[in-house]
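Each of the two complexes below includes chain A, the first together with chain B, the second together with chain C.
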Partner chain A sequence: MIDLLPHLINGLTLGLLFALIALGFTLIVGVMEVINLAHGSLFALGAYFALTVIAGSWFSSTPFGAWWLSLPLGLRYVLALAIGPALAGLAGMLLELCLRPTYGKPPLYGLLLTFGAALVVEELIRLVWGTGEQNLALPQAINGAFLLNGMIFSTYRFFASGFSIVAIAAVWLFLERTSAGAVIKAGAHDSEMVRALGYDLARLRLLVFGFGAALAGLAGVVMVPIWGLRPHVGVDIVIPAFLIIVIGGVGSFWGAVIAALLVGLAIGITGAYAAAWSTMSMYLLLIAILGFRSRGLLGRKSALEN
Partner chain B sequence: MSKIRITRRAILGAAAAGSAVSLFAGPWKHNRVWAQGASKPIRIGITADASGQYANSGASDKRGMMMAISEANERGGVLGRKIEFVHIDTETTAATGSRVAERMISREQCGFLVGAVHSGVANAISQVAQKYGVIYINTNSSSPTEAGQNCHRVKFVFDGNGTNFAKAAVKSAIERFGPDWMLLTNDYVWGHDTAAATKSLLKEYGGKVIEEVLIPQGTRDFTSALLKVQQRKPGVISAAIGGDDQKAMRQQVAQLGMGDKPAWINSQQDWDDVYGLPVDNLFGVFGTTWYYRLDLPGVADFVKRYQTMYPETAMRSPGNVFYNGYMSIRELLGAIERAGTTNNIAVIKALEGHKMPARDRMQHFDATIDAETHQVQQTIYLATANRAAKEKDDLFEILSHAKPDDVRDTDSAKLCKLEPYDKTPSFDA
Partner chain C sequence: MISLSDIPARPSAWITPPIIVLALLLLAAPNLLPAIGLYQYLGIEIAIWIIFALGFNLLFGYAGLHSFGHGAYLGIGAYAFGLFQHHVAVSLWGGLLAAVLAAGVAGALVGAFLSHRRGIYYALLTIGFGQIFWFLAMKLHSVTGGEDGLLGIPRPPLTLGPWQVALTGNPALFYFAAVLLMIVVVLCWRLANSPFGRVLQAIRQNETRARFVGYDVWRFKWAVFTLSAMIAGLAGSLLAMAQQSAYPDVMSLHQSGLIVMMVLVGGGLVSFWGPVLGVIFYFVARDVLGGLTETWLLWYGLIFMAMVMLRPEGLAGMLHGLLRRSPPRQPGAVAVPATEAA
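== the complex of A and B ==
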């Protein structure tokens, strides 16, 4: 019999990483009711912009590049954590502008547009950064491994999980404790009322989409040192992200976080006893939860259920 | 009494319709003369993945084929005919491979199909190819079943297979690192077949499998598997993990510092899967069929031709996948020349048992296309990370080279039953 504890720890850390991925997705779905299939591409864009910041890949042969690369890796990494998501956020805003003609139309329009955008972004990545595998260098302080209860764990994985906790708390505080957050939540609840109160709904949507895209980009910067960086890395995360927000209840912040932890634990535990089922386990979890509660764990009650 | 009147006009119409149908439908033995005469080009269908798990390798595979086609056309083509190619993405998906093969044969009128990295895709393509009698060269997929239970008269397998690589590594690894092995196996046909070959060799040489962990395709997080490795404490891990999954695994193993202990044996290491990764990601011992810095005649010139033809490609040095793609087309066109015709049966016979000198193949030993299984029996190299690289791309340190006969896959050969020639549709491409 193998010791389950390391696998539970692994499942929890994985769940926190999944939560970070799902955060921006759930925000956009909750406020704008757009299923953004380009979420994975924005995740990848954030990571590639971070790669440029860290490795100076566009300008390394210039005098500026030489100076840039002489800066400590830790500083470049911190800058990448800010610049990567910011640029992904701008790309998200651009996408939102393209989405505007689809508002008020059947959801399929938005779905198809974001799907097309995902393909375009992936091809752009191939053109700009190349098709091969890339490596996001990490500062020594958060790289390597450490021993815990006789088992080797990745230092970076724990750093990334801790970072996810901070990001989740920051987003929650922003939504709950700031006036901008209150407007965003009100927009998700009743957009017409928000407009009637004098708020610029178009601007609100632009900012929310940009914020959600920036969170996707942040997840990209944090995740790729674990999963690797290649042009279609975004494809790998869209399905788990979508599945998590459905399990959690579409638009529910804490629903997404709880669902992500459950998915992480399901993968971690099946990985210990039946590894061949580890990927399948999240789908089985989805079936089990939606079978009992069709709106997900913390999803809003549908009008049909009243 | 029937009131149908048989008129002369009806008889003529029926005869014309019958003739038209017979042009396309029969007799099946020799009925599809697609490109009569010397004026029409020979059309090759490139079935390389451009998306999915093996997109990167598929791109290299295709580049290799295109270079061989380009060189053949510069020499004036084959039998006085230019070579054309059509490429359709097989998406690293067996169902797509099947659909692409069907379309290439029936709509694009390709007389030959070449390419594959994923064994499931290769198997799907070969079933369609056999139905039509179209020669198919599996360039880069290395499941033992490809030239074993899934062999076909029309299919030729140019890569080494899991058994070849395992044979080159298993015996010495047991002697050096002990008999307790753990297998990490990608949960699809290549992974399973390679693991089966390893298990059989372990049994033969006194090793044992203490656990096999099946890794679903598309896995990006290997922490569970690596925790199990720590809990089970094997002497050796034999990993049959391919494509992007393998890249993710290598990065995570390197991050945990588990690359040196336990010992890692990786069946085959495709160049495309590690190009660009830091050298500490290249732990363990792995197999390959070719390396761009082999100290053999022709290698430097081959590399130069690659760099001249692909000046913009990020991958500055060719690897084994490119090499197999190139050699496949070159040998196919050579067989057409030797046969003096594009008749598929004649070309198949020209390929079967064909000996390829080591010098032409840029390997250490002569290679042969096995007449019974259609697999190329070739030199197998064992390599590890190069800690004293001469240049940026010099990632591998070649440890040994095994003779083709020493690593021959005899078990799979027993399962191969090629279709008789007269059961294979015949045509001129």
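== the complex of A and C ==
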């Protein structure tokens, strides 16, 4: 009998991080009806910008770099947690501007454009940060491991899970309890009506895309210490994110969260019994669930089916 | 935007002028390629990918079914060919048959699962299945060789009765691939302009309407998926011969996306010949841009993005527009049909 508990905890941690990635994704799908295949690339961009902030990798040889690296690691980490997502958000807005000609056309065009964008971002990352695998330096407080009931747990995984829960709750509160959130949700439901009520639809889309991209970037900064940072990390991560959206039902907030936890747990549990096959479990989960519910767990009918 | 339906069908024509032009180009290619500074092997690569792209476009351009996991069937064909050579017999025809059948069976199974789906869900599931096949190729180490690939696949000689030709040299393999390519071109052309092809286009324009008119839409979607998988399998067997090995790499999402990019850049949405242009453009861009810069994919990606934004009808659509500055409007036809604008 394998002790399942560590695997369940790992799975849950992974699920929470997946949920964080999937939220930005589902927000963009819901409001824009764009399947953003570049979401993983925005995740990667957030993480790489964080790398630059923490390690000073562009300016470490300059006098500014020397001063910068003399700052405490904890402070640099907190700054990275803000700057990484912000820059990813800006990149997302740029992508939204590129997407404008595809509105009103079949969803295929948005998907293709973002696929091209993913390719471009990956190549840019290779050009700017190099092709090798890199690591984010973590502050002492959240690094290392602790012992509980005779088992070793990674402190960082607990920090990442807690951070994800807080972030998910914040996004939920923003969508449910603020007027900006109400407009976004209305935009997902009926964008024509939102426009008719006098809201600037173009600006709404730009902001939603920026916000979703910033969430992707945030997930990137938090997740790469576990997942690893390499130029094609975007493609590696966009696939789970994408399956989660489909399993949960395209455009559904809670669907995405539940599906993310399910996928995380599936990977964790398969990891206990057949580690080499753990990634496969999410595809099997996808096919099993779509076999019974063609729109996913909590999905509704949408324009994406046309 | 023009679409495939704006190009009139020629139901009786098996051979058309563009087919003859392509055949002549292929005939001259081994002399032509070195003359413009390229190499023999490129011709084989282009021929293989044109076969793959033409089959793919029956699904993508004609039926409007967006598969993002089609590299899987190319890979299955390559593995089936290699495994046949290793475990059954060293035989060209046997290998080709095994590749087409294996890809066809995989396509038929996946197609049965997919054909009730529409729109983006169809695309999503093709990604899911494509990833499963890729994953299997990576993990079934004892069968596929895992990440290292299936190595040492021979190029069996071509046997037709008493007549035998070795395909070990690149020019010989190129001519063999070119002959298969011409067969695929003629078959696809006939099929696209047959009643079957017309129904596929009806499904693309409005699936619900096609069903209400009385067509068994499920069966057509299933048939075209299986068929395009079989053609991909054929291309895969040639790929296995060309590389003398098979790798899981061709089954990755990245490669499956590349075929979509090639077909779209070429104009597969608006023209039968779009995929051919797209494949040639991709490989020439790879060699020309790749000679200038390490990051050629960055530039190809940017070209692709610009294409999707500004000219989604691709190279073929641009040519079409150049040839006919003012396209003659059919009486009563409105500029854009409602289904295209939706």
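Convention: the second predicted complex is superposed on the first by the 299 of 306 C-alpha atoms of A that agree within 3 Å, B and C clash if a C-alpha of one lies under 4 Å from a C-alpha of the other, contacts with A are read in each partner's own complex, and residues count from 1 in each chain.
Everything that follows uses one rule, which is that contacts are C-beta pairs under 8 Å (C-beta built on N, C-alpha and C of every residue); 3 or more make two chains touch, one makes a residue touch a chain.
Predicted model only: the values in this text are computed from it and were never measured.
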Taking chain A as the common reference, can chain B and chain C both be placed on it without clashing, or not? Answer clash or fit. clash
Just to be sure I read the superposition right, which of the two partners does A:R157 touch: chain B = first, chain C = second, or both, or neither? first
Is A:G15 touching the first partner chain B, the second partner chain C, both, or neither of them? neither
Let me test your reading of the model: by the given contact rule, A:Y283 touches which partner, first (chain B), second (chain C), both or neither? second
Quick check on the superposed pair: does A:G56 touch chain B, chain C, both, or neither? Answer first, second, both or neither. neither
Which partner does A:C98 reach: the first (chain B), the second (chain C), both, or neither? second
Given the touch rule stated above, what does A:V120 touch, chain B (first), chain C (second), both, or neither? second
Touched partner set for A:V246, first chain B, second chain C, both or neither: second
Region of chain C that runs into chain B when the structures are aligned on their shared chain, from 4-12, 94-102 or 148-156: 148-156
Dual-contact residues of chain A (chain B, chain C) 276, 279-280
Under the definition above, what is the set of chain A residues touching chain C in their complex? 35, 98, 101-102, 104-109, 111-113, 115-117, 119-120, 123-124, 126-127, 235, 239, 242-243, 246, 250, 276-277, 279-280, 283-284, 286-287, 290-291, 294-295, 304-306
So in the complex, which bits of chain A are touching chain B? 2-3, 6-7, 10, 13-14, 130-135, 143-145, 151-154, 156-157, 225-228, 230, 232, 236, 267-268, 271-272, 275-276, 278-280
Write out the stretch or stretches of chain C touching chain A in their complex. 66, 113, 116-121, 123-125, 127-129, 131-132, 135, 139, 253-254, 257, 260-261, 264, 295, 297-298, 300-302, 304-305, 308-310, 312, 341-342
Complex interface listing, chain B residues touching chain A: 51, 55-56, 59, 187, 213-216, 218-221, 223-228, 230-232, 244, 247-248, 251-252, 255-258, 272-278, 314-315
